[in-house]
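Should a chain be cited, it is by its letter among A, B, C, D and E, assigned in written order, with residues numbered from 1 in that chain.
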Amino acid sequence: MTDTTPVTAAEDVHDLRPPRNQWWDVWDQFKSHKGAMAGMFVFISILLFVFAGPWVWQVDPGLIDIRSRNQGSSWAHPMGTDQLGRDLLARMMYGGRISVAVGLTAMLLGLVLGTLIGVLAGYFKLMDGPLMRVTDLFLALPLLPLLLILVTLFRDPLEGAFGQAAGVFALIVVAIAVTSWMQTARIVRGDVLALKEREFVLAARSIGTPARRISTRHILPNVMSPIMVSATLGIASAIITESALSFLGLGFPPDFPTWGRILYDGRDWIEQYPARVVWPGVLISLTVLSVNYIGDGLRDALDPRIRGR
Amino acid sequence: MPDGALPVLDVKNLKTVFHTRSGDIHAVNSVSFDLRPGELLGVVGESGSGKSVTMMSLIGLLPSPPAEVREGQVMLGDQDLLKIGEERLRAIRGRDVGFVFQDPMTSLNPVFTVGFQIMEPLRRHMGMDKKRARKRAVELLELVGIPDAERRLKDFPHQFSGGMRQRVMIAIALACDPKVLIADEPTTALDVTIQAQIIELVKDLREKLGMAIIWITHDLGVIAGIADRVMVMYGGQVAEHGPVREVFANPAHPYTRALLKTVPKLREPRAEKLRVIEGQPPMLGAHPAACPFRARCAHAFDRCARENPARRLIGKGHDVACHWDHRTGEPT
Amino acid sequence: MFTYTLRRLAFAVPTVLVISLIVFLMLDMAPGDPTGSLPLTIPLEVREQIRAALGLGDPVLVRYFKWLHMMVIIEPSHMLANATGWNVAVEGPRILSWQTRSPVGDIIVQRIPQTLWVVGLGYLFGILIAVPIGVISAYKQYSWFDQTGTFVSMVGFSVPTFFTGVVFILIFSVWLGWFPSMYDTTHRVRDWDSFLFQVRQIAMPVAVLALFNASQISRFMRASMLDNLNQDYVRTARAKGMAEKTVLLVHVLRNSMIPVVTVIAIGIPTVFTGAIITEQIFRVNGLGDALIRAIYVSDWPMVQTITFIFAILIVLFNLIADVLYGILDPRIRYD
Amino acid sequence: EERERGSSGHLNVIYWQAVSTMNSYLSGGTKEMNAASVVWEPLARFDNEGELVAWLAEEIPTLDNGGVSEDLKTITWVLKEGLLWSDGTDVTAEDVVFTYEYCTHPEGGCSYRDRYAGIESVEAVDDRTILITFEDATPNPYIPFVGAGSPIIQRAQFQDCMGARAPECTDENFAPIGTGPYVVTDFRPNDVIQFEANENYRVANQPYFQTITWAGGGDATGAARAVFQTGEMDYAWNLQLAPEVIEQMEGGGMGTLLVDFGPLMERIELNFTDPSPDLPADERATMQHPHPILSDIRVREALSRAIDRELLTEIGYGPTGRPACNFIVAPPAMVSPNNDDCLVQDMDRANALLDEAGWERGSDGIRVKDGERLELLFQTSTNAVRQDFQALIQQWWREIGVEARLRNIDAGVFFGSDPGSPDTYIKFWADVQMYASLFEGTDPTPHLEQRRCGREPRPETQWQGQNINRYCNPEYDALWAELNREPDPERRQELVIALNDMFIQDYAHIPLVARGRVSAAANTVGGIILNVWDSEHWNQAEWYRIED
Amino acid sequence: MTSPRKALVEVRDLKMHFPISGGLLRRQVGAVKAVDGVSFDIFEGETLGIVGESGCGKSTCGRAVLRLYDITEGSIKIDGTEIGTMGQGQLRRMRPKMQMVFQDPQACLNPRMTVAGIIAEPLDEHGKLSGKAKLDRVYELMDAVGLNRNFANRYPHAFSGGQRQRIGIARALALNPRFIVCDEPIAALDVSIQAQVVNLLEKLQDEFGLTYMFISHDLSMVKHIADRVAVMYLGKVVELAERDELYERPLHPYTEALMSAVPEPDPAIEAKVERIILRGDVPSPSNPPKGCNFSTRCPKVMDICRKLDPEYREARPGHFVACHLHDAGIMDNQTNAGSAGAPPRNEHKQQGEDA
């Protein structure tokens, strides 16, 4: 049944506006999604905390103050200190930068890769077979050894090229991305295959729109929903994969705090100083949760059919 | 059809509302009709006029929320279906009232065999054991004209063509010899040649089994071919209702009249230009205090905007809900 | 269906070979050294001899084909011989772990029971928890149950297992003393008491894994149920007068399980690799533990073999997933 | 009261790094050596005081009792009478000879090959007498067949496992027959070992425990928790945990921490050669290019003075470590008393030294000389305590105007011997590096030998050699030669201390912390005597359950 | 009708087979013969109606004519230019001449684009209009199809079916095409709306001199709008004639059955109509029956029909049919045999006005 949302006369009295950027409509809808707004608020708070926080809380996260080691919350150290007397608040901020940046970039990279491959495979019949075999191959590669090998093989050249922090960052981000794009690719391909048969794509072809623009204008926006879902899951799993890599000694060096690393390091101290695991644990969960709710909201907002309701 | 016979189904003043985020939708507004044994009532009306919702309200098939059947009375025999509660309703669905839906492609569960799906109501309502249910299922398939029924019981829906699937749906609906069969656009998704087959089948079955049928459709042609009485719905209300020949010959409601004119006729000379009904179907949002058709009505006058017309009798069993008198061309 | 399965099988073999070659070559380039874990008291000259004794001299491809031969022919024959007692073991050098100097096949066979107990049950319970939660969440969409379920599973997904594991140990082993914190791989289930002990010792790792898996699977289940709840055939079933239970658990569930079952099947191999951390925390010396420890000490034959087995598992379960899909969904079965 | 064999029942041991094989000759790891030591035994071993005690031998051969020849070239061991293998057969001198042959086979890959270095021959004089002939005069002949690293294996079991066949003898390697108190009943590599009391053990009422489950795996925290807090385990090996964590767990009250100090010492090595990546690969870190910064002793001293060893110890090791100022930190008699001034951090002195050396503070506080910044690449293996140390030391050095760039490398790579890898500690392609090392037994001579000229790793030797920091001092070499000839124990002690002082006062490397052996035992197990000179399980036969 | 009209579209022996691959190596094991050798002309300014049952290849034929598929065989000339073998790049330049209106007004509009965006898309692709001029053109088109300009910024879901179809039509008109394939443009619409769209199409045809290929399964509507009508069955055109000729004197038994099956919205007529109820279902296009495609369901089937595929020929001037009943050679035999097919044919002959 076609959903006829009839247009009444009352609605016709709009003045003639030139077409406005559709992102405004997206934003209007997004605003009305309570969960998404809450998620947005939390996520922005987290971003502010990690990126702007250090301006407010000007403590060097690496500064060792042995006299005040293993302290609980106090005015001088709101989240307490670690075993070297480093300020946990500063470390959470600094570590959050890396974790959030890893999460976001790895997710973006994986997403771009997955989407690209998914669209290519779905849209161009010739590439479908080979690309899907490659995807299968990657799916069948055991990730952990692969990550290990990537890290051990390329850490040094990259560190040489970009400096230590940037090198490890690039490596970990790429390693996570390279091993996490396959699901997205599969889902996108499936959707593209279905979309390709939809009449509006045919319509675009009958107009003479070239394949490149069909895929960017008609296909991509319509596979947004599954991509959003992958994206939100992607951030979460990237942050967690990073911490698991830290756990296995393959992540960032210990002098680069990341939430996963801080959480891991705090494990042994859980009985004496639970704050050392609670803070990073809570921040990781909050980030993942907020991103997830934002994803829900975005998915709705990006869909004009829901937007209209 | 003896006029005096007691109706099997008597619907009075049915109102159904959908509660949605953007307000209530009054999908069915004080709909009343009855159905006598052995009779075929055709229901027409444009998309969204509330045909399906009306029928599903009768036997509580609407999801609640968002749907709410507000008022009314649905007497099936001597019980009021709106009052007896979900448990008893379930015993009636499929047993006393059979339902056939529009889309045969999706209305059957793809992962169960056709046999299983036919036998399900038999075992539930008639308490048949597997063997007897099977036998009956074979009979039913043969009844709806599927050859090689015994073997085809084991097939899955996707192995049937659209027309055959619709036959299976009919077989399911007929399984427990219901008193009333409701067919919601059973042929809309089918080709004309297949549609003709199904119509032929239903006519046949009706003669054999003598059940009362409600047949919903867009297609006036189908109604003209098989119905005894016709009910034209518009905007959640009954616009016109009467014996089929009477309504087609003397349509009283402006909507019925317009509708009859818009459809080109195959067996009549071609008209130069098709007549159209301008405008769009109404929103069912607010509670109607006016005639829902007034915005598209050529004869609308001020009263139509103020008062929702009540159904008035204009002939034997023929009533219409309109302030305008088609015979005089004047307001009543 | 049959040719479809055959075709996938035909593709599977080269896939596995390519993977094994990639893994072999990459490991060969990896910088780790098998003598790296030896104490520094062992002089360099001796280390060099050890390296030589490990056969590190041959060219890569030669070693690859030797390894492949052993992997595909000799090791399986020994495993079969061990399992059945038949005299089918093929003579010839076996793949030896550099670290333990013993055939990797034997170690892997040893480790399968605890892997299955813990990881397998963890996954199984995860599914058993996830399915009803997914079903109820979808059926009561937007109810408080659904909202809580969503929230909890999101949190469950976002908290690393090494965190939950330690919290569990603290609460249930240290404070309450209910469960042992270490898994005893030598324990054999013989009678009721030993079975109870087994239950106690797997309780925590299984719970950790089950929670983690359940949070993911329940999401899939819910989405799939929602898809199907709106289908026309559900309305048909209701119109037939079927009880709500039948509608939900027979008609909708069966259809919803089709995609979920394949997701579950594909997930099984990743469970083996993904449980490494849990295995380490609870000292469950399963396959994951064997892999990670081999990686630590650069025991490449071990890594290659386990990786190869994982690759086979992944390919195999993908295949199984496809076949399952076909079996569950008659529309595909008859193509 | 008298204890019976097996009367103490069952013992649970946890090794969080699991044992990979029972044949310690094929592994070389401490954990394998410990496990093997309850099955295999040497002729003699060191007790917890570091004193040599006869074990399978009747007595310790000496110059005095004629067991060692005057020219220091031969030693004669006599087996105890009536020794039986656990399978009931006799132990003979042939088994000892076979042990020598087994480990010195060129294709065998035996990890303790160096124990048998310098031996000309090992002969069975009779069933119980073994004569070892050395190539040169050997003042310390107590290396072959002495200590847990060089136990006697059974010829009958291993004679078909020589050379290249050694690793293929899985059954033998996993269940060796020995003379020790226990026999293996089940071995699962990297997982668990089950032992049972040896029926043929030479002490009639020992061992007291009937069975042992020797579990492996998990992590150090879990192992400590199992002894201290849950009581699941009776003995846990090698608990390297943060001091506070251990302290808190000990509060559980079920176990005791056992610590003793041996020669293991955490240090910083200073590279005397230039590791600059600008040099060609085969000249990097070789004697051709002296280090541009560290060649100056004042810089080296300043780096050492800036370190607060007390604090490092407190943070990293607590009661399980001691600040170290010497190269040789054990046995006690050989430890130099002359360098204790390093115990106090002295920033002023460090700054003064650098000023004197011509390094001026730059705008960012880092010192500069001739346009070059005082910047050092500081590498170590990946390990939480080491990274904490790196952070602390980096901060102290920054205070004296030295910038340390930190780098940590996976232990498998760092301690590997792959000549192709740029990241091994041997190659030392960094300015400074931190790790710990020790020596076997009680004699530091071989350890001191490592720092002689010409022992440095370099391309020509495939980067082999133990002179890691490429120290080269002819005086040192001469003094070592003297030590190597000296049989008199008193004089040897003096020489060791002199060599140590020379090396330390040259600031050739920076000692940090002497690390103890740390294990934990349940309060219900008695008889444990921690031994840092030999296997921790050297007296396993005497462990017993304390009944209450 | 004036005889020598100019053919805008000439289709000869068009075949569109979709490969079915199978077997172990995914080789092609067969083909869905969706369109299997059809030929017809469409004259300038006329409307050619195409009718037939679901799955008989109407849409495929329409799309193939516009070269939305790479056709298997045959030639397509549009305005004298052969496009059957043209590459997609060249075709792009031809696109403005030929456009398409789709069946499902919901599915043919990208749900994530505004109406203005949808209508402007062809202008973006082919024109070089400035933003302002483009907007003006969009408004112009919206006026032409009777859409309120205010709706330019809305999304398709906010429209009723009829309005959506107008958007689709406006898009097709944007480039001033000469030839439009209308693929069941009214099938998804409510009866009360269908007439609006059909009237609009007719109005535009008059205004712009468009040529239509009008695909539909609604015979009544085709009768209304088309000048000539082709009946398809299982990938083939079985009959093609002037509208009145076809509706009054169908030659092919399938056409007869099809027309008799159409229900008439008039109980009086309905009561009288003699239905030809076909037995069984349409065979699969991947496995068409031997001989005549219709032989499995034909009420007048003859032996030869099961063996020989009838030739598509001009049975009467301007009236093409593919049926053995109207085969010159066989006709005689069959007449003698007294087949049911013969009498109506004679009747037609007598009543037919010779063109």
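In the analysis below, a residue touches a chain if its C-beta (ideal position, glycine included) is under 8 Å from a C-beta of that chain, and two chains touch if they have at least 3 such contacts.
Protein identities per chain, from UniProt: A, C = ABC transporter permease; B = ABC transporter ATP-binding protein; E = ATP-binding cassette domain-containing protein.
Owing to the predicted nature of the structure, the values given are computational and were not obtained by experimental measurement.
Enquirer: Could you find the chain whose CA centre sits the greatest distance from that of chain B?
Expert: That would be chain D.
Enquirer: Which two chains does the highest number of contacting C-beta pairs join?
Expert: Highest contact count among chain pairs: C-D.
Enquirer: Would you mind checking which chain's C-alpha centre is most distant from the centre of chain E?
Expert: D
Enquirer: How many angstrom between the C-alpha centroids of chain C (ABC transporter permease) and chain A (ABC transporter permease)?
Expert: Distance between chain centres, rounded to whole Å: 26 Å.
Enquirer: So the centre of each chain is just the mean of its C-alpha atoms; given that, what is the distance between chain B and chain E in Å?
Expert: Those two chain centres are 32 Å apart.
Enquirer: Once you find the CA centre of chain B and the CA centre of chain D, what distance in Å lies between them?
Expert: Chain centroid spacing, chain B to chain D, equals 91 Å.
Enquirer: Mind checking the centre-to-centre distance between chain D and chain E? Centres are C-alpha means, answer in whole Å.
Expert: So the centre of chain D lies 90 Å away from the centre of chain E.
Enquirer: Could you list which residues of chain E touch at least two other chains?
Expert: 160-161, 163, 190
Enquirer: Could you say which residues in chain B touch two or more other chains, in rising order?
Expert: Within chain B, the residues that touch at least two other chains are 47, 280-281.
Enquirer: Among all residues of chain A (ABC transporter permease), which ones touch two or more of the remaining chains?
Expert: Residues 2, 4, 6-7, 152, 249, 267, 271.
Enquirer: Provide the residue numbers of chain C (ABC transporter permease) that touch chain D in the complex, in ascending order.
Expert: Per the stated touch rule, the residues are 31-54, 93-94, 96-97, 99-103, 106-107, 110-111, 169, 173-174, 177, 180-182, 184-186, 280-285, 289-290, 293, 296-298.
Enquirer: What does chain E use to touch chain A (ABC transporter permease) in their complex?
Expert: My answer: residues 63, 66, 68, 91-93, 95-96, 98-100, 102-114, 116-117, 121-122, 125-126, 135, 148-153, 155-161, 163, 168, 171, 175, 188, 190.
Enquirer: Please name which positions on chain A (ABC transporter permease) make contact with chain E in the complex.
Expert: 2-7, 12-20, 22, 198-200, 202-210, 213, 217-218, 221-222, 224, 302-305, 307-308
Enquirer: What does chain D use to touch chain C (ABC transporter permease) in their complex?
Expert: 14, 18, 20-21, 23, 26-30, 106-114, 164, 166-168, 170, 173-174, 186, 188-192, 194, 213, 215-219, 222, 225-226, 229-230, 232-233, 252, 410-418, 420-421, 423-424, 426, 435-440, 457, 462, 464-466
Enquirer: Could you list, by residue number, the parts of chain A (ABC transporter permease) that touch chain C (ABC transporter permease) in their complex?
Expert: Touching chain C (ABC transporter permease): residues 133, 136-137, 139-146, 148-149, 152-153, 236, 239-240, 243-244, 247-249, 260, 263-264, 267, 270-271, 277, 281, 284-285, 287-289, 292 of chain A (ABC transporter permease).
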